[in-house]
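Should a chain be cited, it is by its letter among A, B, C, D and E, assigned in written order, with residues numbered from 1 in that chain.
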Amino acid sequence: MPGVALNDVTKTFPGGTVAVDSLSLEVDDGEFMILVGSSGCGKTTALRMIAGLEQPTAGTIRIGERVVNEVSARDRDIAMVFQNYALYPHMSVYKNLAYPLRQQRVKKPEVDRRVREVAHMLSLEELLKRRPAQLSGGQRQRVAMGRALVREPDVFLLDEPLSNLDAKLRVQMRAGLKRLHARLGVTTIYVTHDQVEAMTLADRIAVLSDGKLQQLGPPQEVYDKPANVFVAGFIGSPPMNLLKGSCQNGVVSAGEFTVKRSGVPDGELIIGLRHESLGPATNGVPSLDFRVDVVEPLGDELIVHGSLAADLVAASGEDPTAAALGADQGNELEAVACLSPRDRPAEGSTIRLGVEPEEIHVFDAATGLAIR
Amino acid sequence: MPGVALNDVTKTFPGGTVAVDSLSLEVDDGEFMILVGSSGCGKTTALRMIAGLEQPTAGTIRIGERVVNEVSARDRDIAMVFQNYALYPHMSVYKNLAYPLRQQRVKKPEVDRRVREVAHMLSLEELLKRRPAQLSGGQRQRVAMGRALVREPDVFLLDEPLSNLDAKLRVQMRAGLKRLHARLGVTTIYVTHDQVEAMTLADRIAVLSDGKLQQLGPPQEVYDKPANVFVAGFIGSPPMNLLKGSCQNGVVSAGEFTVKRSGVPDGELIIGLRHESLGPATNGVPSLDFRVDVVEPLGDELIVHGSLAADLVAASGEDPTAAALGADQGNELEAVACLSPRDRPAEGSTIRLGVEPEEIHVFDAATGLAIR
Amino acid sequence: MTALAERSPATRHRPPLFKRIAGSEHFAGWAFVMPAVVLIAVFMLIPIGWSLLLSLQANNLLAPGHYVGLANYKALAKDAQFKSAIGHTFVYTVIFVPVSITGALALAVALNRKIRGIRFYRLAVFIPLVTSTVATGILFLWLLDPTFGLVNYLLHEVGLPQQQFLQDPNQALYCIVAMTVWSWLGFDVIIYLAALQGIPEDLLEASQMDGASRWSTFRSVVLPLLGPATLFLVVWSTINALQLFDEIYVTTRGGPLGSTTVIVYYLYQQAFQFFNAGYGAAIAYVLFVAVLIVTLIQLWIGRRRVYYTS
Amino acid sequence: MTATAERLITLDAPPAKPRRRLPFSPWHLVLAPIALIMLIPLIWMLILSLETSPESQSFPLVVLPSGLHFHNYVQTWNAEPFGDWFLNSALYSLATVAGNLVFCSLAAYAFARLKFFGRDVLFVVLLATLMVPYQVLLIPTFLIVKHLGMVDSVGGLIVPNLCSAFGIFMLRQFFRTLPIELEEAARIDGTSRLGILVKIVLPLSLPALATLAIIQFMWSWNDFLWPLIIIDTASHAPLQLGLSTLQGAHRSHVNLVMAGTVMSQIPMIALFLIAQRWFIRSIAFTGIK
Amino acid sequence: GGSSSSSGGGSSSNTSSGGHVNITIWHGYTDVEATAIKKLTQEFNATHKNITVTPQFYGNSDYALQKVLAAIAGGKPPDISYLYGSWAANIATNPTTVDLSKYVKSPSWNWTDFWQAARNVATVNGKIIGIPALIDNLALVYNKKLFQQAGISPPTANWTWQDFENAALKLTNPSKKQFGWAYVNDASEDTVWRFWAMLWQAGGSILSADGKQAAFDSPAGVKALTLLQTLAKQNAIYLDNGSDNYTGVFASGHIGMLWTGPWDLSQINTGKVQYGVQILPGDLNHQTISGPDNWVVFNNGSARVNAAVEFLKWFTSPAIDLKWATMTGDLPIRQSATKQAGYAAFVKKYPGIGVWVQNLSNATQSRPVTTTYPKVSTVVGQAVQSVLLGKADPQQALSNAAKQVNGILSAPS
């Protein structure tokens, strides 16, 4: 199985939109790579360039050893799930699924076998005779996925393939995908907005913003060690709380919140605290006051919204490194903590939350880059 | 603001698919009702009937006091976000957003004001001059939402309006929707697969399966007190662990796991344990062995997959009440627990997990109904 | 089938009758078609009724006619020339329709791309269409002239035997086919070009991703989605082919030896050369019924084979 | 900036062209010969229109005229009353194009999307009007037009041709390929049926409308027989009828006739060139999943 | 005036004040003829203060008939219309067609001054339904240079079929794409009438005396058709497909001889070939055939009929007739035109035309003026064509045609 490599790839659409900006990305043979990033950051465009549906404005794309910039889409041996499905409206589900196989001159019985196999995996067996127009949204999405999975291509490109499925199905599909990937070992590039998906499926995650690569690494690493403020604010749900702070003589502080940290240069900082790191303050750990505005019960946990005794900043998607300094005017910033239902605070009350020192993230305020 | 009432509404498609089956549902004035249910269970069809795009095969639909079965879609004063967007491809984003207002003969300056307002709320300001074809999937979805939100209709129908947005945007949109709903108080019916959305936005949740209403109630109630095995298996992610059990003389047991429970008749049972209820066993609580197969770090927590020392059953979507008895052959059943990263177990090890007795759910094995 | 199920409305709780009628699809449907129906009824249906009456008369359009019942139709049944006209029409139609439509389809696909000069090529294909039939006739009489024609000249240059073309009873009808295909191709091409614009590009992309060859994409995606246009062209071309007249009139006038006497040319002869207008009208009606049946069959097949979005 | 994007996007070439061996697209090798064959009549007419009268009448054809006699055009242009003919033709063509676009669209939309009593039968009845040879319809149609007092007027040319089953059938077929979701969205947005037709269906059907316009224009512009039947006065004649007065049964000045024919084709060619922009994918059907 | 008052002839209003009458005359004239009719009607209008004649072009193809039929059906026929002779028998059945007998009987008309053939075609069952509008006939037109090259002396008035055949064969040279003769081979009346001339020359006739039987399948007919067959077999005939290309081919020097009429003169006379005109070669005689057309008057009230007749009388008067002929190159329709002062100028203006005028006296027979004639013509046209194409023998073709014609003639109409 060949890998995929993007080398300094740029896509500028007519009209000037730069959808993908000098993107370099190597996806190893058989790797499961997940692309995440804010809406409109260029994920689909990147997939389409790899697929050969869009010509890069600059840069080279390699599949295996071969530079494919000039290779037509149909010769790249890539299977793709389109974000908007693109099912053949005039064909039954069965025919939609069989189509890629028929193109490869696979024998009828074999086609039948594989179509039924993939239909089973996607719980589509009952629907094989229907046309796409007679399906629900989620069913269509599954057909779209089936049409890619029925093949054994060099590369899978999946563009938000599970977004319209219910949680249960999604879990089931995820498991199926994982099994399939283990079995075939096909290099896979997968776009998703679902962080659980990203965390559970990926070998590595690539975080994009505004067409540029922000961080690339295994999921837990990206979560634990966000490379910059954008990633910190993007990965994790709810996002990391970001506070305006500073460092003086190895002491990092934001308002009343202080913690010793070596190796941090003096100056303006951004301090990041994950919601799950915040817990009822215990002795000895750095802590700060939290005014509870809203308590959202999520069933298994409580999301507590409120304000911290420090200035919050937003990691804007527009300019991921610098914009962290300006507060987002439109949506008032709030801090979020995650508590067990047993610790439910009253709305309006102020509680003291603490955090383990090693779970505090520190970023340079000017560049947005993490300081470790 | 009028409410919406469905009275015994059935929709049978030509070809015999029963998409909605004797559905009765009252949405109060100004209520925010969320419809959830597995893929293909009839959510979209229900919305379409309310909107007047589909004629019910039987039953009546009321908006306010008025029976609207014979009222055409355009006279119902409903705004809808389509699951598949249905943006006008020949119009710019601006025109798409302005269209519903222009239809109501709203004056140009007022149109402009409201379009810009909603564009701001949806972060679409930069894109107003583009055509839908020049947008990313998430941007399209936001335009689709904007086209509904720009109006002040009697009823909002939103069909998975945030499914293609990244987590951050989704949070932002959710907040926006909440504010909007608070301000306008428009009766809203909202379809989603995102449980966080369902839990945080809804006044009440309606759980559908196979076209039939399974449970209706406030989100936390539905989560805490699932009415039947289907709801138990559907709400919550990962889903509730369901064990084959029985009751004898007020003692509910599944394998080695036993707990006293009054008011439960003797006989076959299904026992439900939420993943977050399972924690390292402490003294005195019912407990059972858990063989750890896979540990999935989610950043803030660990999802632990494995098998319990009891027989697992699946809540199949096909026949929500009875099917709980047959194990799903295709996907081997596994139990899921959620642990703090600090308690990370080794894969392959066996750990003992305990659960508070009041967090144990019990269902009748024959009917699937909860026993309280 | 869809129509049936969706037509059954829930019956209770109806709004007032007036609103129901004015807002109903029946009302709207008729309101929308009314202008067209009125225009077509006045200017087509009344004349058609008039000529139905004519077909029951002995009438030369000069003297007052008199009714003769079905005599014209009975005579037609025994008319050997009419039968051979039917034969010629049939042969013509069976060749013309598929050849012109497949040719146009291929050409439209070739023209539906962005290369330099594509506008020029499209214009070129359009030219024969705007050329009047009379001019086309004169042109072809010259091109196909056995002695001085361009085609025989070219045949001679490449060492092929000279042909009589329009002057050979065995070739004339095929020459008419070639000529009409040539002159009507542009029509089918622009219809197909328009239809091609409506094929969603993402389906073509999907097909590429599925590894389909160009041909396969064409066959499995483009062609089915062109179904509505194709059905239209098949019906329309058949209706026209069965009524072929102008091109015959400006070239062979039914000859040589009657080999290109098609039904409508025969009708014309009867009505305006022999002054048997009643008989001509009867021919028109027999043709009408035949065309109607053929069209209904085509529509019926189309209903089952052609994919629409609704 | 984004405004330019809107316009330019349609020109974005499909990606991944195979490596070129030729300095031009291989399609030229196919299309150029076809174009040549198709252009024969225009070339032929141009040649004849530039010849002297005897040259133009000689047979076999004189392929190389003795000189380029452009005065044939001048002479034809000056033929009385060429201006009137041109104007009448323009009126006739534009009015029937407009009529067909309006009436056929309305009816076609109803046939395509609305379910009304008698729809299918009515549709076949309308189609059936295409199935009767015009030869037997000319006289009764003349009688009706006479009854309406429109003989020998441009109105008499126009009114019977304001709507045709052809246009209805064609547009119906096209309308039925449009995504129905868009119409549903428009209904929700409070659009009337007429509004849906005007604001959604028609803008998305521009290629089909352009086609209908071209074809109807061409038919009206080239129409000879109907004008012949109902027009008596020379100044009320449209172009083709007018030109026929130049074209005697026996003594014709082929060069002048061809000059006239070439000139009369110019508006059709111009219209076609204008309409071409609708034959380039102007609207991408996206925004629908 | 408004659009409808000047049209077709309306029913009433045009006789309005002061006894002034407006009438319309429908014609298919183009070019010089169109100019001529415009000029002459103006002249008439100027000299006849209470009549205004408006000429209107009604097409020049067979389609014109449909316009006339429509106008008649609509009750608004023109006052005068130019109608082909072959339509005369059917036109006669129309109740609004004016029987002109009582007018032309008046000596001032001098009816017999019109050529015999023209009078024949204007007369249907004893009723005179039209005034002759055009007369022509077939004569032999030949290319002087080709004759010279082939070493043949020019045709004489005494030429026999044999002379003709020999010359035609000698003039034929396939390698130079050169033909001795041309024949219109579209099975139309163009094909048929040339055959009739030959039939008559050989002593045959079209129908039996009572008009109830075909008579062309006689030895005379066979003989005539055999001549065609012989020449066709030797490729001596340029077979024209009906588009009248033969004039162009002749004008470019590829054809030795034509049987044609004065209408082709302008096409032939392009200056490239030197042509001569001679009466047709003969067998038993040198008869030719004429194809006259008529001015038919329709009844839109007596005032207008009278005005129409007055105009036609003026228009066909010897002086105006010659004027017309001189302007257009048509043959004079009155015999007395030849005796007028301007006749010489006319003959001089159109070289060779004199032969045709004289030849009119050879046009002694006419085709039957019956409603069934068009059908007969079609059948015979096919017979001739089948021989020209080598698909049938003369005898066989004619017998077959005769059988069909007998069927046509015996059918109830």
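Here are a few things to note about the model shown:
We take it that a contact is a pair of C-beta atoms (placed from the backbone, for glycine too) under 8 Å apart; a residue touches a chain by one contact, two chains touch by 3 or more.
Keep in mind the model is a prediction, meaning the values are calculated, not measured.
Chain centres computed from CA atoms place E at the largest separation from chain B.
Across every pairing of chains, the maximum count of C-beta contacts belongs to C-D. Centre-to-centre separation of chain C and chain E, using mean CA positions: 38 Å. Distance between chain centres (mean CA atoms), chain B to chain C: 55 Å. Each chain gets one centre point, the mean of its Cα atoms, and the points for chain C and chain D are 16 Å apart. Rounded to a whole number, the gap between the C-alpha centres of chain A and chain E is 92 angstrom.
Taken residue by residue, chain D touches two or more other chains at 2, 5-6, 9, 11, 13, 59-60, 135, 139, 143, 179, 224, 283-286, 288-289, whereas all remaining positions touch fewer. Of all residues in chain E, those touching 2 or more other chains are 66, 69, 73, 245, 249, listed in ascending order. Touching two or more other chains at once are residues 6, 61, 142, 145, 148, 200, 202, 225, 272, 309 of chain C.
Residue ranges of chain C in contact with chain D, taken from their complex: 3, 6-7, 25-30, 32-33, 35-37, 39-40, 42-48, 50-51, 54, 61, 107, 110-117, 119-132, 134-136, 139, 142-143, 145, 148, 182, 185-187, 190-191, 193-195, 197-198, 200-202, 225, 228-229, 231-232, 235-236, 239, 243, 245, 264, 267-268, 271-272, 277, 280-281, 284-285, 287-288, 291-292, 295-296, 299, 308-310. Contacts from chain D toward chain C in the complex involve residues 11, 13, 24-25, 27-28, 30-32, 34-42, 44-45, 59-61, 102-104, 106-107, 109-117, 119, 122, 124-133, 135-137, 139-141, 143-144, 159-166, 168-170, 173-174, 176-180, 193-194, 197, 207-208, 210-211, 214-215, 218, 221-222, 224, 240, 261, 265, 268-269, 272-273, 276, 278-286. Across the complex, chain E is touched by residues 54, 57-60, 135, 138-139, 142-143, 146, 149, 151-153, 224-225, 228-230, 232-234, 236, 241, 244-253 of chain D.
Chain D contributes residues 2-3, 5-6, 9, 179, 181-182, 184-192, 195, 199-200, 203-204, 283-289 to its touches with chain B in the complex. Remark: chain C residues 200, 202-203, 205-213, 216, 220-221, 224-225, 227, 307, 309 touch chain A in the complex.
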